[in-house]
Amino acid sequence: MSSESLILFFIVAVVLVGGALIFSSLVPAKSFNPAKSEPYECGIPTQGKTWLQFNVGYYLFAILFLVFDVETVFLFPWAVIMKTVGMAAFIEIMIFFLILGLGLLYAWKKHALIWE
Amino acid sequence: MKYEDFNDNETLELFKQTGGNLFFTTVDAIVNWGRSNSVWPLTFATACCGIEMMAAGASRHDFARFGIEVYRASPRQADVIVVAGTIVNKMAPVLKRLYDQMPEPKYVIAMGACAISGGPFYYNSYHVIKGVENVIPVDVYIPGCPPRPEALLYGVMQLQRKIQTETMRNPRKQPDVFADTDNK
Amino acid sequence: MTFNIYDFTSFNQWIDKTLYDNLPSFWALIIEMTLIGVAFLLFYAVIGLFLVYAERKVCAFIQNRVGPNRVGPYGIFQTIADFIKLLMKEIIPINNADKFLFNLAPFIVIIASFMAIAAIPFGKGLHAIDFNIGIFYVMAVSSLGVVGILLAGWSSNNKYSLIGAMRSGAQIVSYELSVGLSMVTMVILAGSMQLSEIVEAQRNGWFIFTGHIPAFIAFVIFLIASTAETNRGPFDLAEAESELTAGFHTEYSGIKFAFFFLAEYMNMFIVASIAATIFWGGWMPLHIGGWVGFNHAMDFIPPFFWYMGKTLIVIFLMMWFKWTFPRLRIDQLLKLEWKYLLPINLFNIILMALVVLMGWHF
Amino acid sequence: MEDIIINENQIKQEEYIVNMGPQHPSTHGVLRLKISLKGETVEHIEPHCGYIHRGIEKMCERLTYQQIIHLTDRLDYLSAHTNNEAVCLLVENALQIEVPERVKYIRTILDELTRLASHQLWWCAFGMDLGALTTYFYGLRDRELILDIFEETTGARLLQSFNTPGGLMNDIHPNFIKKVKEFIVHFRKKLPEYDELLTGNVILRERTNDIGLLTLEEAISYGVTGPSGRASGFACDVRKHHPYSAYDKVDFKEILYTKGDCFHRYKARVEEMWESMKIIEQLIDNIPEGDYAVKMKPIIKLPEGEYYQRVEAARGEFGVYVLSTGEKYPYRVKFRSPNFSNLSAINKLGAGHKIADLVAIGGSLDLVIPDIDR
Amino acid sequence: MNNEQLKEKIYSIDSTINIVEGKQYLELNVAPEDLSKTALMLKNNPDLSFDYLICLTGNDLPDAYAVVYHLESTKHNHVVVLKVKAANRENPTLDTVSNIWITADFHEREVYDLIGITFNNHPDMRRIFLDEEDWVGYPLRKDYTDNNIVVR
Amino acid sequence: MSGNQIMFVIFSAIILIFSILTVTSRRILRAATFLLIVLISTAAMYFMLNYQFLAAVQLTLYAGGIVVLIIFSILLTSHIDEKFETPALMKKVYAAIAAIMGAVLVCTTLLNYTFTQGNDAAKDVNMNLIGNSLISWGEQGYALPFELISILLLAAMIAAIVVAKKVKTK
Amino acid sequence: MNTGIPLEYFLITATLMFFVGVYGFMTRKNMITILMSVELMLNAVNINFLSFNRYLFPGQLEGHFFALFIIAVAAAEAAVAIAIIINIYRHFQSIDVEKADEMKY
Amino acid sequence: MNAILNYLKELFGGIKTLLTGMKVTGYYFVHPKEIITQQYPENRKTLKMFDRFKGEVTMPHDENNQHKCTACGICEINCPNGSIEVISKQVEKADGKTKKELDVYIYKLSMCTFCGICIKVCPQDAITFSQGFEHAVFNKEKLIKTLNKPGSSLKEKVKEVKEVIE
């Protein structure tokens, strides 16, 4: 009962959460006025586009995250067998880390790790 | 607090009649219980009264006992707008807009002389709104300059009483007087 | 073993068996999972509401006040009132917002947290699904929540939302790494990713004790990183009230907002349970070597309470953080992650590997 | 090589404008800051005031001097007592009335209590701006004690209107001295807690160090006074340089820092709380006996001419300018509000920082908006 | 420096300035066209160095619109009052001093807003309190009328 | 139909429908969201094939990593009001023909070919097995690619940083 | 576990998915959407690998590992691709492939 | 090496300051007796305002329903924001003289700023501050109060005293 059950679990969640959403979009009282659906900006009509100007920081971190995420994924199986395999696993992971550490070091030196 | 201990019960009775509690049901009772015990205020304060509102939220008086401590900065999630302070001509459209952007059911508490009538700025002032009910409909008036925190709590209890006279689908009968606002 | 009385495996098997005997397997499964799903959802809601209440009380006590006390005894029905109110609140449609995504976002957030809870062992045999990749599954599923936040921020067509979403996006993904890596550290020690096995492996001592230094470092990192990952103060930049009003959920009203609200608390619950499970032995009672009587006494406390107790302690820690510290700025936040936590974490993994290799752990 | 020349200036960059305020938790009222952003960096801040412009100066032209008092309360409501003392001093100086020593002492004590209360509130708000929500409760908790003292003597918690030309509305309450002493003892224990909770905190330091720098020259030129100015080294304490009431009789230190960043502005205020307590301690035991007011004519008319009176309010130099034509109403009243000048520096302070820093800067300036807008 | 010495000092620099001994401070009356020059002198002369503009007030006097500057020297701790009357009653203008004391930037905007004196060369001459688009008139002028005002 | 089959049908339907939506949606963020749904369903497929580790990897890396990155870049580069114009009809037709032709071709080939079901004992793909394979050399060992991945990641990281930081030196 | 579903079903789903990706690759103009189409194709391939592995060589893990590495490589590829796309965007304020032809760097 | 040392020093120094902060909040968490909350509606019985508390302006009446106000209007003139309206009437006295007497004393609670000037200037001490603060209402009209009770009259004694002085 693992895979299918998970999926069923998911469906139940979707149905119940959706039910609550539909209920509350139908039942409660409503009113309408022109200002209501406009975006909120401290009570002042919004000026210009709702669009963040380009900001390097955000996506650079996202990229770094992705890279390290891959690493984490590969570490998990290794971690499981580390205890049983011992030395060989340790050495391999040291190599792995060494290479990635280089990357981190590079990023550090390039100031990619600080926010612009 | 007992019913008799409150003032202005006459108006409350009036609400009970006009507020449509003809179809007052258990569901309504539950919903009103929920609504009246969870009035989240909008973070909105313009002047001195705001300080007393802050004091009401602080440890000594502790707004939170009523379940009202959740000050929401966004009108989308607020239930009550406590107009704490003077509203001037330039601010009125902003206030109106904030009020408009709140979801139903929404309530307004006019806190302090300024919000009720312009208070100290009623005469001779060229830029002060003479009472917020010219801008948005008000549910409860709390006089004082500034009202003590307890007075605010009392006002909130009055509001709770008012909420309990409402029906679920039709929380507010908006009187026509309030319909047109001339931002004055 | 005294565990037997509190062993839910047999109970689960019993349900399993009755259902499978009487119905075709597929339907049995569906019914079983629906039951479990509904039960979990209820549990989810109750925990969520309870946590909101607990948070209010905790901060009230920290702040020399009493907190909600007028709705029900000690105000315990406060959050229920809140929930009813939010359910009965109007949902505001936003102009120019991408309606589909706008509605989808709370779904993603809440379902991600709901799916993660499925794998958490509340007691022996008391979990919906026991994967052999348990911990990794939790990490994988909870990493989806960030998508919901990003969508919410973008589709609201609001500047604050967008900035808030970007911030919390960058924050969550960054700290997810540290959460993952500190989990890796503990997996090394446990030799398994299955949550039930991890708990079982702590029968003779919780990992935080057996793994001493590296385990402790991992715990601290986990605590910090998971606080950040759940967007809680002092890392609540996304909804930093003083800057961005309400961050990515600025435009959400009524029940949709409640979903975000609930998901935040549930995420907190999930990370706290993971912390309790992998560091504090999950539902394992506290045993001290040699003290037989003491150990027996401990065994009599049901595992579920052990589990909940530990989780609540971790949650309390997180609340304590929130109500003590000022909020970090976004660059400090990222600096903390990338310059402190991540390198320390990598180093810690090697340390842990070394400890395991040399058999220095207990 | 010409096809390589692409610089970012050629690309038309749309200006990204975000409003902070008028309804915004961190502007402490209804200030509106229009912020041009580049990424998350603030390029330019344009403060928009007037969301609580009540025309008090105009109203004063139709009020007698006694009646003006209750409006000055409502300018900077956190230093209400100090503000209406300025008007009273102005009237007294103009009419060359010497108020009894007792009045001077009481006024000074109340001034300092006001300052303490105001700084406590600032501390809560500052902590809250930076996300340390608990400070809000601790600060207000201690402030309630001061408000109790106020209320017992003056009958109001916030806007006391206790000064009147020629003295005070009432004598101090018999409990006053005892309560003030108790408060000082209590607060001397609590103030170190503020430091432990916030001042020492590494996050706060990181967030405030080198943020919003203001040099001495700039501070003077912008007219940034009060603790904010003194954090830049601007010796602008009116109490010290142009003493009024009983300030010439007490010994206190003018807190001066040099760097002028948010942290020093923070420090200056916390230190000022200590100094205020010292001043109160020096005075509280020696309040001379005497009347609480001199007898004034029911209708006060100032001789023709111009008058200016400055006092040190909690946020800086508060001034009243009165142009009198000898009538019972002033011809023109102008309030020099400290916040107005302090606000003018906000673009200088905030440009080039992050939005989050702006909150810290705003908090460290301790703006009270109705005082700006009048 | 007390007022006497200060007076002499200023005379020694510029004898054309009309100095009046006021109620509290020395009052310097200058013609509008001399304003910038005098202000600059007051700021830059090392013996005067009035570097701190305490307060800038616009007045609607019966004969003219006037501006009063309260100046202090942080170095020498003396104060003078600078007074100038705008020449034109219909369309009063004055030179800005915001290039000398930056704080004048906001104060002058306030004066413009409420009294209606325009300052030449001011970097940003807009209303500061009242609504730029909607508001007509200058409320602090004595002849200002408005239907909203309830006179008592 | 057994539960498995139902589920398979559901998920393949979801995959196909949302893949089509992904490539035809005119709003870019919606396309990304549809892609996310496709990826999650794919993960579900993996679950059905009992490759749980891989399913979780799919969720973490694809759904939680790549899609997040894509969404980030969308947030940075496009505006909520933006909609793509529909591609030219001819282009669509050509592309559709090409795709359908390809699909038909491959499908017929697939259906005509009889796969010989492997009959060696199914291995339980548990974590120990994966871990061991990942660090062992030689037959059934993937230590080399494992290390190569680290180099690949290093290269990707450096490349990304170099590219991203380039404009700074204006 | 996988009783009842013939291998072909998986393969056909994967194939269709692949060609939907191809369609997207050909019609889309925005670089990010092109990248998304590529991801679709990679996913289809992964499904193939895994189902082959599961059905035809259940005793081995080649397919599994291949899929694993494909995902890893896809991640690296996406990272670099997005870095490039964003860089292009910063220079030209557009990420339209057709416009990119005119862009000189 | 130095860099690493600094790095560690920074790290642990930072952690220490954080712990100091947590100590403070933790202290209050485990000391519920520090709670200072006054539970307002529950403590209504015991809640007492300070005797100078300015709650609302009232006009005390004695047991004969008599007040001290002579309707001189000084308070009305002195109130800075016009919260008081004294309406007087001419009453024919027994001795044939007409005398000004208080008809209605209107007090607008909604506008009063509690400055206390009216009370200070009143030559008769006819008005005082009461301590009530529970004024919140649903209807604004309820905030405009008439202070003199119906049928009340001027306290004779005061009149006499005044006449003596004159």
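When the chains are written out, they are named A, B, C, D, E, F, G and H in that same order, and each has its own residue count from 1.
The working rule: a contact is a pair of C-beta atoms (placed from the backbone, for glycine too) under 8 Å apart; a residue touches a chain by one contact, two chains touch by 3 or more.
Owing to the predicted nature of the structure, the values given are computational and were not obtained by experimental measurement.
> Work out which chains are contact partners of both subunit B and subunit C.
The shared contacts of subunit B and subunit C, listed by label, come to A, D, H.
> Could you tell me which pair, B-E or A-B, is linked by more C-beta pairs in contact?
A-B
> Could you grab the centroid distance between subunit C and subunit E? Build each centroid from C-alpha atoms only and quote it in angstrom.
Whole-Å distance between the two chain centres: 63.
> I'd like the Å distance between the centres of subunit E and subunit F, where a centre is the mean of that chain's Cα atoms.
Measuring from centre to centre gives 71 Å for this pair.
> Report the inter-chain centroid distance for subunit B and subunit F in whole angstrom, where each centroid is the mean of the CA atoms.
Result: the chain centres lie 54 Å from each other.
> How big is the gap, in whole Å, between where the Cα atoms of subunit A centre and where those of subunit F centre?
That gives a centre separation of 17 Å.
> Which residues does subunit G have that touch at least 2 chains other than itself?
Residue numbers touching two or more other chains: 1, 72, 75-76, 78-79, 82-83, 86, 89-91.
> Enumerate the residues of subunit H that touch no fewer than two other chains.
Correct list: 18, 21, 24-25, 35-37, 39, 80-82, 113-114.
> Counting only residues that touch at least 2 other chains, which ones in subunit A make the list?
Only 2-4, 6, 27-31, 36, 38, 40-44, 49-52, 54-59, 62-67, 69-70, 72-74, 76, 79-81, 84, 89, 100, 107 qualify.
> Spell out the part of subunit H that touches subunit B in their complex, as residue ranges.
35-41, 44, 47, 56, 80-82, 108-114, 133-140, 142-143
> Which positions of subunit H touch subunit C when the two form their complex?
11, 18, 21-22, 24-26, 28-29, 32, 34-37, 39
> Using the touch definition up top, name the residues of subunit C that touch subunit D in the complex.
59, 62-65, 159-160, 163, 233-234, 236-237, 240-245, 322-332
> Sort out for me which residues of subunit G touch subunit A in the complex.
1, 72, 75-76, 78-79, 82-83, 86, 89-90
> Okay, in this complex, where on subunit B does subunit E touch?
It is residues 89-90, 122-127, 130, 184 of subunit B that touch subunit E.
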